[in-house]
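In the two complexes that follow, chain A is the common piece, with chain B as its partner first and chain C second.
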Partner chain A sequence: MELFVQLLFTGVGIGAVYALVALGFVLIFRATSVVNFAQGEFSMVAAYLMVVFAVDLGLPYWVAFLISIAGMALLGAVFNLLVYYPLRNRGYLPVLISTIGASIFLSNSVLALYGPQPQVLPGWFDTPGFQVGPIYLDSQYLVILAVTLALVLFQYWLFEHTLLGKKLQATSQDKEMASLLGIPVALMIMFTFIYSAVLGGIAGILVAPVLFVSIQMGSNIALKAFAATIIGGFGDVAGAILGGFAIGIIETFGAAYISVPFKDAFAFIVLIVFLALKPQGIFGERVSEKA
Partner chain B sequence: MNMRGSLAGQIGYALVALVAVALAATVKTDGYVANILMQAATYAIAVFGLSIVLGLCGQINLAQAAFFAVGAYAVALGTVDYRLPFWLCLIFGMGVAFAAGALLGLSTLRLGGHYLAMVTISFQQILTVVLINAIRFTHGPDGVSSIGRPPGFESSQSFLALAVAAMAISGYLVWRLAHSRLGRAMRAVRDNELAASAAGVDVFRVKWVAFALCALLGGLGGGLFAGGFSYISPDQFAFSDSIVLMTMALLGGVASPVGSALGTGLLILIPEWLRFLKSVPGLYLAIYGAAVVLIVIFMPDGVWGFIGRRFARRPRARSSTAEPLVLGPADSGSDVALEVRGLAKYFGGLKAVDGVDFRVRRGEVHALIGPNGSGKTTTLNVVTGLYRATRGGISVDGVDITGLPAHKRTIAGLARTFQNIRLFRSMSALENVVIGAEREGNALVAGGPDAVLRRARSALAFVGLEERLHETIPSFSYGHQRLIEIARALAANPTVLLLDEPAAGLNTSEKKALHVLLDRIAAQGLTILIIDHDMTLIAGVAKHLTVLNFGRRIADGSTAEVLREPDVVAAYLGAS
Partner chain C sequence: MRISRRSLNWGLAASLAAPSILRSARAEGETVKIGMVLPVTGPAADSGGYALAGAKIALDRVNKAGGVLGKQVELVTEDDQTTNPGAVLAFSKLAAQPDIVAFLGSIRSTQNHAMASDILKTGKPVCFGGTDPKLTKLGNPWLIRFRPNDSYSGRVIASYGVETLGKKHWAIVHSTDAFGTGGFNALSAALDKVGAKVALDQGYPNQSQDFTPVVLAIKSSGADVIGSYFTFDNDVAIFARQLRQLGVTLPWVGSPSIIDVGALKLAGPALYGTFGVADYAIDSSPAAKEFANLYAAISKVPPDNYSSWTYDAIGVLCDAMARAGSTDPDKVRAAMLATRGYKGAEGEYNFDEFGDGLHGYNIVRNEKGSVVFDKHIEFTD
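And now, the complex of A and B:
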């Protein structure tokens, strides 16, 4: 029982990271109808920025955090301009391939600059964790959960209670109509990329102390976050969050009870089963085309 | 499309291929060059597979390296661990790859492309994990060495010749596939899925077949790769290798096997020239990634497409006069060609169509009219199977089609045009119409490909466009595109022709020409169901009207009677 609760805590914590990256996927998908396969690299780049500023340059953790997040916002904007914008009228396949190219570029540029050695990023707090009864609560996992909760609430407020949020929603539902109403669609999409890069970046910074900071961390996280979005029902915000937690829990329990080497395969097996049996996901993507 | 015109091309291809095989079999090269050639030949086969899935069918496959691995491991484990003959292992590997491709396709192709991207990545990752960790079966990260070769091809030189020959043959098959019925169906699916299914193409089947063929070629390439290098390990077949294969296809030009081969050659040679870049880990792949983005943005058709456009020749229409178009709709003898019974379609709470009945009599022009939002197009979409009916039934020529998917309804005898024109835009007018003529169950094209071609020409001549049959769709005016769509429907020799607002967007003279065309079609006895807002056209061509308002039928009868009914006048002009 203790093991079960302990694993659940770990699974939910790692799931929160997947949920944040999955949110980035969903937001970009809703705004542009394409999947950004470089979403995971945002997490990886942000983690490396933290290593540079907090570890190498020795800046205070929160200063390094702010600089890294600003860097991610910039990366999101540049990404939008170079990778998405020139292809915006060319259908999903060219954009998808372009984001894959960008993903390879980002991860290998970091590899070229920083080398293949995995880096270590300390956690936000010096206290490693607390023992509550038989359960050990790792402080970084608590930070992950708290930040994820705050971000989800912030996003809810942003989309449901601000004019900017309404404009973003209008853009994602019907770009032509939105632009006829005077909403600067290109700017809204730019904002979406920036916001998604920041979300992915925060996820990367949060999870870095738990994992190692490595070139592969981006694609590992992104593939699972992507699986989460499909399980949750593509394009659905609540689904992405739930899907993220589901993947985190499945993989933690799979590793503990079934097989550690095959840990990374569980998410994908669940995903394929899901696609075969319930392709619309938990919440369902509205798939229809007007004749 | 011009099958005889490409005969010279085919002979040229055969000569080049023979010379290539002969050179590979005779010219002595050092091991380094031989290895590069071996890699290029086997990779090219896998890239041909991608040119089917990505180029012809417009689907994505991010697991080609995994299918390559399936072929490679089948040969490696088969010849080393189980002492089986090379050929048996190769065929087994291709079979497993084919089955895996078909299965992945079946599970996901009904959904959008991003699912397919994800599922193929998942397959790739799972396979990599298995290859590394299932050590007792796969030898794990150490890989498999001393892989066997088939008798007669034991030397590197002769095996290279074998690989080049396999490459030449698969390249030829992929090249010809594009101009076969299946290949045309794939291109139709790529250009416009809805129109493809409305033209009688089984979209789902076409997609999984494309996918399975792609995987099959991946398996073939992989099997030959294993034999060629006699050593393989899991890291040769990683996700990044799938990306490399896809980049090769994109760089060369995904639309043609020549482009694919060119791309493969370039991406194997360029890194060899840029070997010094490999001294900094990552730099080389970073350039690779940036190249992918640049290629997609600046060379959408790849290097070969880029070159091809410089030397593009427009094939001339041969001056043979087309035969007159014969419309011989199937006729079971019953008086009703199309019957709609209590048809309803709800979108959530919205009752777009709510219990509509009408019968279209054989040989009659029947119009479905009503104000905007009255449910006309929804009715047509339910009848043709783009939407599933909430309630009610539909029969064509006495056969119930209510439960059939769209392409089966077309096979059953429906043909339609769309309110917003849906043509296969990258294809020529003739190819568009050929796809219509190829409808399964079209009794008038029993004479094989030549009969199909003749019928397509006749249909284009019928609408007055036979002079321009080799031009691609974007070069036609809006009005002419409408005519091509009608020609595509007519070529299918349907039992009932359904026209969704054919006059929308046409100018006055085009409308008059359309009116004449519809009269000519009706004169041949084809049953027509037409939707339009132009009452002059409707009153001129239709014998029978069904009027809808708010998803219900408010009038039904002969044109003259219905137009006098007060309800109809009120719905159109507003109640006074």
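And now, the complex of A and C:
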């Protein structure tokens, strides 16, 4: 039983990180109909910003966090202006390739600026964790769970109870109609990129004390988060969150009870099963039903 | 001026022949060029920087002493992107340059396996650092190793754990790549010979983000000691932290990655008190100390095996070219394999017929973050 609980805690913790990055994928997809393959790099850039401000410059952790998040908001805006906006009327593929290019640019820029050595970022708390009976609770995973929960609630409030949220939803559902209703579509898409960059950044900052800060940290997380969005139902917010947690739990339990060497394969086996049997994912609508 | 048919023909012939004459002249070269495959990008990019630093120190030393065959020695590098396809591409790019006389391959066995067929086709000596014992038994005469292979590391880990620490039940944690699998095979064979048992064979994929299932498997295995073959520093560090957090305090004897500079920095106190086999240890010999001093002049971090093997490889290679009196691949290879008693940073090089230069390992321990030399174990069989 203690083994089960310990694994569940770890699976839910790592799943929360996948969920946050998956949320970024989904929001941009809903707003632009494009998968942003640089979403993982947002996590990596934010983690390096934290290293610069919290470790190198020695600023208080929360100040470094706020500056890093502000930096991510700026990156999201610039990303929208340079990577998405100029190609927005050229169809799906050019924008997708543009995001892949941006992903390579971001990782190589950080490599050139900061060097290849992985870095250590301290956690939010000095205490690494708590022993509750036979179960060890890593304090950073507790922070990850708490922040993910808070962000999910914030997002619910934003989208369901604010005018901005309704404008964002309208933009994601039908850009032409939203534009006719006077909603500034370009501004809404800009806001979506900013929000997604911030979400990815928070995920990177949260997971950095556990996985360390390295150039490839974002791509490792993004691959699983991408699988999570498909399992949950591409374009569905609740699906992305559920898919993230599902991937985290499946890979942790699969590794413990079936095979550690095939740990990474479990997420993708589930992905293949979904693509074959339920390609619209858990919450996704069947395309024929939309017609 | 009137141009005769004869002078026109000469001119045409000269212009047609010029490129090949120039190519041939370049192949003769003003410098002796050595190609180097190393990770500049990807998860092992930091180790590529250390490898390059070690090679440059040796190169600087050779060139200050007059170079080789009256020429300065030059390094030409290509990024392997820390992947097998990247390594193959990098080696192909270097092999296409006819004026490169020899190469430094990878410290990663899996990449050397990937490049092996191209190395055979190229037919020039390739010094490498991968420790999978099979690499020098592939029937590829151009692969020449500059680190002790894992048949030695397995024997040293087993010998130290069983005879010095008195532990008989082993949990072996290893990556599932060529290095980790080769290391596991070598260690389990060595344990079998000394009468110890493998309580747990636990492979893991490189770049794992979580080792909780591995640690819990160790806890329930009944093992009294851990042996490990990790490929990447961040995997060592994540495993070490989770091991300690989940309350496992078993003694741990690991392959060289356990004392790599990157792993020590990332894991911090989680690696205190562990033991490692190390091909490079500062206090193991005067040559090792000398290398540490040279390295300290250009780097803030202490040297480790990433830099020491490239330092030795350049030294032995240049020494062999000087003794061969030529850069002819067959002559250079023969001179390298004839090397006896060369005192390098990693130890004394005595090559066997397979191309293995080193035949023993150092045992070191992590004392609050400092790597302390314990003893050297050399094998003659």
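The rule is short, and it goes like this: the second predicted complex is superposed on the first by the 280 of 291 C-alpha atoms of A that agree within 3 Å, B and C clash if a C-alpha of one lies under 4 Å from a C-alpha of the other, contacts with A are read in each partner's own complex, and residues count from 1 in each chain.
Keep in mind that, in the parts below, a contact is a pair of C-beta atoms (placed from the backbone, for glycine too) under 8 Å apart; a residue touches a chain by one contact, two chains touch by 3 or more.
On a predicted model such as this, the values are computed, not experimentally measured, just so you know.
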Chain B and chain C placed together on chain A: clash or fit? clash
Message: A:Gln6 in the overlay: touching chain B, chain C, both, or neither? Say first, second, both or neither.
response: second
Quiz prompt | chain B versus chain C as contact partner of A:Phe130, first or second or both or neither | solution = neither
Which of the two partners, first being chain B and second being chain C, lies in contact with A:Val120: first, second, both, or neither? second
- prompt: For A:Ile215, is the partner it touches chain B (first), chain C (second), both, or none of the two (neither)?
  reply: both
Please indicate which partner A:Val110 is in contact with in the superposed arrangement: first for chain B, second for chain C, both, or neither. first
Counting residues of chain A touched by each of chain B and chain C, the higher count belongs to B
Practice prompt. Would you check which partner chain A:Asp138 touches, where first means chain B only, second means chain C only, and both and neither mean what they say?
Written response: second
| said: By the touch definition at the top of the document, which applies to A:Pro261: first (chain B), second (chain C), both, or neither? | reply: both
- Message: In the overlaid three-chain picture, which partner chain does A:Thr252 touch, first (chain B) or second (chain C), both, or neither?
- Response: second
Chain B and chain C footprints on chain A meet at residues 108, 111, 115-116, 215, 261-262, 264
In the complex, the residues of chain A that touch chain B are 29, 34-35, 37, 82-83, 86-87, 90, 92-94, 96-98, 100-113, 115-116, 215, 219, 223, 226-227, 230, 234, 261-262, 264-265, 268-269, 271-272, 275-276, 279, 287, 289, 291
As the complex stands, chain A meets chain C at residues 3, 6-7, 10, 14, 108, 111, 115-118, 120, 128-129, 131, 136, 138, 210-212, 214-216, 220-221, 252, 255-256, 260-264
In their shared complex, chain A is touched by residues of chain B numbered 54, 58, 60, 62, 107-108, 110-115, 117-119, 121-123, 125-126, 129-130, 132-133, 193-194, 239-240, 243, 246-247, 250, 280-286, 288-293, 295-297, 300, 377, 381, 386, 418-419, 422, 500
Chain C residues touching chain A in their complex are 39-43, 45-46, 48-49, 176, 202-205, 207-210, 212-214, 216-217, 220, 233-234, 237-238, 245-247, 262, 265-266, 268
